[in-house]
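Two complexes follow with chain A in common, the first pairing it with chain B and the second with chain C.
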Partner chain A sequence: MATTTATVSISSSDIVPGSPVSISASTTCMKAGLTTGLEKMEMGANTLTTGEGSTSLKLATAAGADGAGKVYLCNKATDNTFYLRLDLHDTIVGRLYAGDWLFIPWSQNDTTNELVIQAINGSCPYEYAIFKEDETRVAGS
Partner chain B sequence: MPTLTPTLTLTSTDATSDELSFSVTDSLSVTAPSINLGLLVVDTTGANNIIVPANDNKQTWVFVRHTGTSDGTTTTAAHCDIELTGNVAIGTIKPGEWLWFPHCGNGGSTGVQLQAVGSAVQVEYGYWADSTAQ
Partner chain C sequence: MATINASVNISSDIMSYPVSISKSMTMKKAGTCNGLELANGLSSKKFTATTQVDLYAYDTNTTTSGGANKVYIRNTGSDKAEYFKVTLADTTDAVEEIGRLYGGDWMLFPWEAASADHDIMVQPSTTEIMTIEYMVFYE
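On to the complex of A and B.
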């Protein structure tokens, strides 16, 4: 088992004058049950063009059903009008503009729960990491 | 516009033989509405726990952390599902876990809701409207 720690800090000095925001949280990425770390890790970087349309970042498969997972995704574009749209199958989740990142849990509750990204307004270089439980092995053909 | 600075650090010394250690920081221009941090006892009905109202084409940044308790004092192992309104599940957080993501209704009039699994969970949460996509 692996121990992977994700720490976030969120800060602002000017949202509410005299009341700065300073949030910090840390977690170890665990399987269901809270005692065993997620052992599979997939990291990568790529560039998505607008012409590619909706593209699967990660398929949800029957082999991975009901497994816990964490997803990191960052849009490395430098033009702030270029954004990556993240969908959960056919439902829009949100937009990552240049430099934006997200860190979410991802549950493959069914095989239509895939993560889909689409570059809007221009090509978006991106990097991602997925931490997840091992999948059910499938016999080779 | 006020600026919000979220930073993520991911580390692991044993996930692979190549040690994992990186950090990424963003700078967000935010506007009203926002909730800098609040507490909520989440019950098992998602529609009762809408933390970001439905919106169209307006982007909101969302932070949620499972406090590990059901009420601020009583420890719980119950999970808390993160859903878009309409019961579209994104994932689940366990005690101590957190998430950070952009939500955009994008014409679908969806919000963000939480749903405890089995029994109540207390979370802390915040959200900030992104001035870039309003």
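On to the complex of A and C.
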């Protein structure tokens, strides 16, 4: 069984006056409802240009449905005005500005639940990693 | 201007070689080098029903649409069989599920807060007591 651990730390001494924020959390990424670790992953890096419009980062598949997948995505652009917009199917999740990252669960609750990204205001180099349970493989031609 | 730092570390032995991802960010306002200035404070909610509810609702008074808002959510439980379904409201499908936070799982994501149809909603998987903690950083 593979072990995938994700840890986050958030800190700020001045966002809440007189009350510093310090959050730390760690989780071991398991398959849905089990104590067995996720066993599949893919990671990569690319650059998305504004001309490419909305692009699928990853399609949802029936084999991955209702899973406990996890997604890491980082916008490696350096211009503060360039951002990656992340959509789930036809719903905007949010904007990853230069240097921002996200870590979310992705349950692929139906096969239209794809991850879509779009570069706005300029080209965005990005890196990603997806940890998952399974996916539907495409037949060779 | 406040300074909010967030870092993530992911390690895995799924591959035959170690996978290690480490990244830090300073939360800034959209398109600027100025830090986010507002937060709701670290909060927690206890649930004893499987009803889907707003965890954090879009509010024109406190939320900047199209900004660089960030949301942290964690299932504080330890049971890997129990989860919170996290969804965003959607104008066409009513709800778009992001994913499921099992015991101990956390997430940190940007929130567009485009309209009142983009509330952050959660739904426990069981009527057993479940607790979620969350914090929203916004412009």
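Observations, loosely collected:
In the analysis below, the second predicted complex is superposed on the first by the 133 of 141 C-alpha atoms of A that agree within 3 Å, B and C clash if a C-alpha of one lies under 4 Å from a C-alpha of the other, contacts with A are read in each partner's own complex, and residues count from 1 in each chain.
By definition in this document, contacts are C-beta pairs under 8 Å (C-beta built on N, C-alpha and C of every residue); 3 or more make two chains touch, one makes a residue touch a chain.
Only a predicted model underlies this, so the values are computations on that prediction, with no experimental measurement involved.
Legend: residue contacts after superposition of the two complexes on their common chain; A:G44 is shown touching neither chain B nor chain C. Contacts of A:I23 after superposition on the shared chain: both chain B and chain C are touched. Considering which of chain B and chain C touches more of chain A, the answer is C. Legend: residue contacts after superposition of the two complexes on their common chain; A:G53 is shown touching neither chain B nor chain C. Contacts of A:T35 after superposition: chain C is touched, whereas chain B is not reached.
Once the two complexes are overlaid on the shared chain, A:Y97 sits against chain B and chain C alike. Where the contact sets of chain A with chain B and with chain C meet, they give residues 2-12, 14-16, 19, 21, 23, 25, 27-28, 30, 32, 34, 39, 41, 68-69, 72, 74, 80, 85-86, 88, 91-97, 99-107, 109, 113, 129, 131. Against chain A, the residues of chain B that register as touching in their complex are 2-16, 20, 24, 26-28, 30, 34, 36-37, 59, 63, 65, 77, 79, 81-82, 84, 88-108, 110, 126, 128, 130, 132-133. Against chain A, in their complex, chain C makes its touches with residues 2-15, 19, 21, 23, 25-28, 30-33, 36-39, 41-42, 66-69, 72, 74, 80-81, 83, 85-86, 88, 90, 92-93, 96-102, 104-112, 114, 118, 135, 137.
Those residues of chain A that touch chain C in the complex are listed here as 2-16, 19, 21, 23, 25-30, 32-35, 37-41, 43, 66, 68-70, 72, 74, 80-81, 83, 85-86, 88-97, 99-107, 109, 113, 121, 129, 131.
Only residues 2-12, 14-16, 19, 21, 23, 25, 27-28, 30, 32, 34, 39, 41, 68-69, 72, 74, 80, 85-86, 88, 91-97, 99-107, 109, 113, 129, 131 of chain A touch chain B when the two sit together in their complex.
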